[in-house]
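Structures given as structure tokens follow.
Consider the two complexes below, in which subunit A is the common component and subunit B and subunit C are the respective partners.
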Partner chain A sequence: MIDSFYLATRYLLFHRVRSVTVVACLVLVAALPIGLERILAESERQLMARADTTPLLLGSKGSSLDLVMSAVYFGGQTPDPISLAEIERIEEADLAYAIPIHMGFSARGAPIVGTSVDYLDYRELTVAHGRSFTILGESVLGAGVAKRLGLSPGDSLTSSPESFFDLAGAYPLKTKVVGVLEPSGGPDDLAVFVDLKTAWVMQGIGHGHQDLTRVQDPTLVIDRDEKKVVGSAKVVEYQEITDSNRDSFHFHGEPASFPVSAALVVPEDERAGTLLLGRFVDGSLGGQLIRPRAIVGDLMTTIFRIKEVLDLAVAIVGTAAILALVLVFSLSFRLREKELRTNFEIGSSLGTTARLLAAELMLLAAASAVCVAGVLFVLDRFSATIVRGLFVT
Partner chain B sequence: MQRVIGSLRLVALIAVAGNALMPTPSVAEMSVYTVNYPLAYFAERIGGDAVTVHFPAPPGIDPAFWMPDPEVIGAYQAADLILLNGAGYAKWIGQASLPRRKLVDTSRSFRDAYLPGEKTPVHQHGPTGDHTHGQIAFTTWLDPKQAIEQARSIEAALVKQDAEHAASFARGADALVADLEELDRDLEAVFAAIEGESLLASHPVYSYLARRYGLDLRSLTWEPDADPGESGWQALDALLAARPARWMLWEARPLDSTTAKLDARGVGVVVFEVGVNRPDAGDFLSMMRDDLEALNRALGLR
Partner chain C sequence: MADPTKQQSQRVVGDERSGITVSDLRFDYPRGANGADSFSLHLSRLEISPGERVAIIGPSGCGKTTLLGLLTGILVPRSGRVLVSGTDVSRAGDGERRRFRISRMGLVFQSLALVEYLNVFDNILYSYRITNALRLDESVRSRARSLAGELGIADKLRRPVGALSQGERQRVAIGRALLSQPEVLLADEATGNLDPTNKGRILDLLFAQLERERSTLVAVTHDHELLPRFDRVLDLCELCAP
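Here is the complex of A and B:
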């Protein structure tokens, strides 16, 4: 048998292009479905891990999936806002605490997340360089953002205008980068974090300008009496919050009416979470309160149903590929008829010839198996990084 | 061999003795940060040894208008609890990033009863645009009834954070409430003696005191370390002409020249400290007792 393997090896090496092609086909047919399965499983694991660490999510009525994708994964469509009052109602129930999330703005391609420092504590995000934000106008960068933009503490980052066509909309705000977070391997690496109040300034709900009660330029004031000063449209709002103008920043309106995109709700325990969910079902509280795990689970179920169709397609293609290979081998044997007859005439028995051909097939199969094992080993080792690279960075 | 055994015994003895001498690790104390001294005092009285209270505003600076640096705000962020006064107290709160779940608004239970503060002009953007609102009076603790509600709010927050010491917190709160109720009775008695009389105040910080005891209190905006100037004295004369007053409440002793001019107008100075900063000697309650004593002396009741 060893002689057969020797001859088979020499034959396959002589026809190396053909041999590599056959091995590649076999590897693709075998590794593709298994590899897809592994990548999907890792994607599910990462998605569910993120969803699992978000017990409840509060948002406006509407698409639950949009709410989750925006507030948990910082992607997709920004949902309709809720008011801060709705978050306060959750807190007054004394069953949970809520972490506000404000979305809708970006800075050089990175989403800006307006929130409180509770978010960094809850997600266990630690600062690698600098410090956390402490005051209006400061920002902290995810590790991926800092690396991509080449920014570090002390630099500045300006928010992008909401729309180039909305001349009366929110103006860009220049923030001071005070910290960069440690890599977390998730969506937080790609986000810019600011205090919720800074996000409101970006939205135009808060702003800073000269003290209208003290300006001398008459064109800045429409009307003035001892109780009220009415400013004109000429009053310029500051586009950067500095130590010298921070005191001038203020908000118009009741804070309870100010908008947030969503809130992470962290109940005291499972019972408290159930009670809170019940209050939304019975309508005593507005908006919707959802379990991200359930929404992502439904999404994965849908994805896996689609995957079943893809698996069937892959199976059909794989079967076709194998049938094609069988056809290739049978045609190859026919083409080698003269060679096989020569073997017989020089004394090789039918059994020996059969062993030779079997050895070729076994070597091809063994080589394919080794390659498939190698591919799967690499996938297993680096699947987390691959998924993050495909979907996160 | 005996030497070896003896050495081993000595080593074992030293190890046991060393272990016994090691201090037993204590239970971690709760770290509480406050925005003014009255809240710090309440937290100290209620929390006792189970709580470490921090009030980092420098002495001599009005905490309502103090702006802490990032390191101090970082210390607030790391606290277990942050006690806020509410009513817009401490301007820096509106600009700082503090963890929501650690914030305790101690006057939330009576927020519907806030009074308007110092009248300052508001501004508006355009004839129909956004506008700011006037200020709210924030010296809520000067009404002992409100101070009691704030103390109970602090007690509830401490118990929620550390249920093991609930009984101790309750004892501390009850004792504090008893002292505040006694202060309330004594203040009520003093102000009852001058019922119907008008009072003046150097600054509009006594609104809640006035409401609690039904005082006819009119406020100016004078600083103790500066002469109010001609316009200030004219404003005072106008007030006195409309309704005479025999006493003026001050947060701190005014200049001797101011005292003399007030005396010439028949207005006596009564120093009634508001208590926003930790005193050099004594505590919040002793400060309030001193204020009560000053009232008694001024009104000729003692």
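Here is the complex of A and C:
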């Protein structure tokens, strides 16, 4: 049998392109459905785990899925904002506390989450290096972001403008990295956290500039009276919050009207949560309050329904690939007819010839199995990261 | 110049236990599906002594290759008897014929039938790799290397046979046939593609090997220059019964 394997190995190496193609086909046929199954299982695990730790979510009326994907997984479309006042109304009910979440900005590919330190406490996120954000202009990085961007406390990170074409919109804001979180294995690893006020500065609601009451250049001031000073377009807004200019940053307007994307609502207990949900159903409170678990459950049901169709497609493609392989082998045997005839003429037994062909198939199957095992090993090792990357954009 | 077909062997005609004896052999190829003509061979008597070197000549299509096929048991006759080294290959079962062929015969095919995906060394060893009847060990490998040296291809052992000249390929085929030190060597145009120098050299080697092993040689050839080197030359057309 060893000689059969030796000859089969020589044959496969001689026809290496054909061998690699056959192995690649077999690996695809075997690894694709298994890999898909594992990615889906990991997706379900991650999505449900995250949803389970997010009891209620407050957001604007509209797509509840968008709201969940944005505020819970930091991916997808940013929902329409709600005002800070709506969060305050939740808290006035004395049934839950709410943690604001401001989305919509990013820095070098990582979503920026404007929130309060309560968020880090609620998600049990601990700081591995440095400290948490405490004042305006500071940021804390998720472990994955810090690793990917090679940043550590003391470095700076600049937000991307909301839109290159929105000249009146947000300008980039340089934040100072003051901490890096411990890896959590969730979407938080891939996000940048700033104080809610810092997020508002990014949005242009708050800003800092030269003190117009003291400037000497008259072209910087359009109008001045006892109550207010109106600056001209020449006034330079600060794009970095530093110790020296921090006090110049201020907000215009009523804080209660300032926008947030959503709020993570933590009810005192199950009954309190149900009562709160009831108030949204009867319309006494604006926006929508949802249970992320129910939304994600519906999403997974849909995904698994799609997967059934996908399984069928994979089965059809797999069958076609197997048939193609059968054709390849039958053609190969035809091409080897001369060699097999020689074996017979020299005096090789039928069994030896069968063993030779079986050894070739076994080697191809073994090589494919090793490759499939390798692919699945890599997939198992990195599936959590791959899935996180799928949902966090 | 003497008619080589009239040469007579100086050797003693062998007995049935060690030579080749063919009696009343009949074989037919039916008319082929593609319209090929039918063919039949009738050989009433042929005796070849052990160690004898016999050349078989005859025009193309007279059945020389068919006769080799019958002697090796690759083909099975309709009737008659083929006795090779005491084994009745015409009546033996398929498995026995194969085992007999690989362990006690050496074959050099007209097409050479080398295995393209193996190198020179593995081609010489090939018979040992496709049977349990022969055991491949270091002594066999050593013999293969020595044989390759005598055949003038020792420096090409690791080369794929596809990279060899036709003459070199022929020498590999001869090396493969001789490696098992066969009792009977059957060669179909064994030197057909060689230049005169190599032809003489290969025949010298072939005959030396056969002499050493006291093996019998039955060679089909069209090359009449070689005929004086054989003990006996048989014209198959004359040999066959009408």
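Throughout what follows, the second predicted complex is superposed on the first by the 271 of 393 C-alpha atoms of A that agree within 3 Å, B and C clash if a C-alpha of one lies under 4 Å from a C-alpha of the other, contacts with A are read in each partner's own complex, and residues count from 1 in each chain.
Just so it is clear, contacts are C-beta pairs under 8 Å (C-beta built on N, C-alpha and C of every residue); 3 or more make two chains touch, one makes a residue touch a chain.
Everything quoted here is computed from the prediction, not taken from an experiment.
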item	value
First (subunit B), second (subunit C), both or neither touched by A:Phe382	neither
Touching partner for A:Phe14 - first (subunit B), second (subunit C), both, neither	second
Contacts of A:Thr352 with subunit B and subunit C, given as first, second, both or neither	second
Between subunit B and subunit C, more extensive residue contact with subunit A	B
Partner chain in contact with A:Phe333 - subunit B first, subunit C second, else both or neither	neither
First, second, both or neither for A:Thr342, with subunit B first and subunit C second	second
Residues of subunit A defined as touching subunit C within the complex	3, 6-7, 10-11, 13-15, 338-339, 341-349, 352-353, 356
Subunit A-facing residues of subunit B, complex	67, 70, 73-74, 77, 91, 94-101, 119-127, 130-132
Residue ranges of subunit C in contact with subunit A within the complex	72, 74, 95, 97-103, 105, 107, 109, 113, 115-118, 122, 126-133, 136, 160
In the complex, subunit A residues that touch subunit B	91, 97-100, 116-118, 121, 131-136, 138, 178, 195, 197, 212-213, 222-223, 226-233, 235, 246-247, 249-253
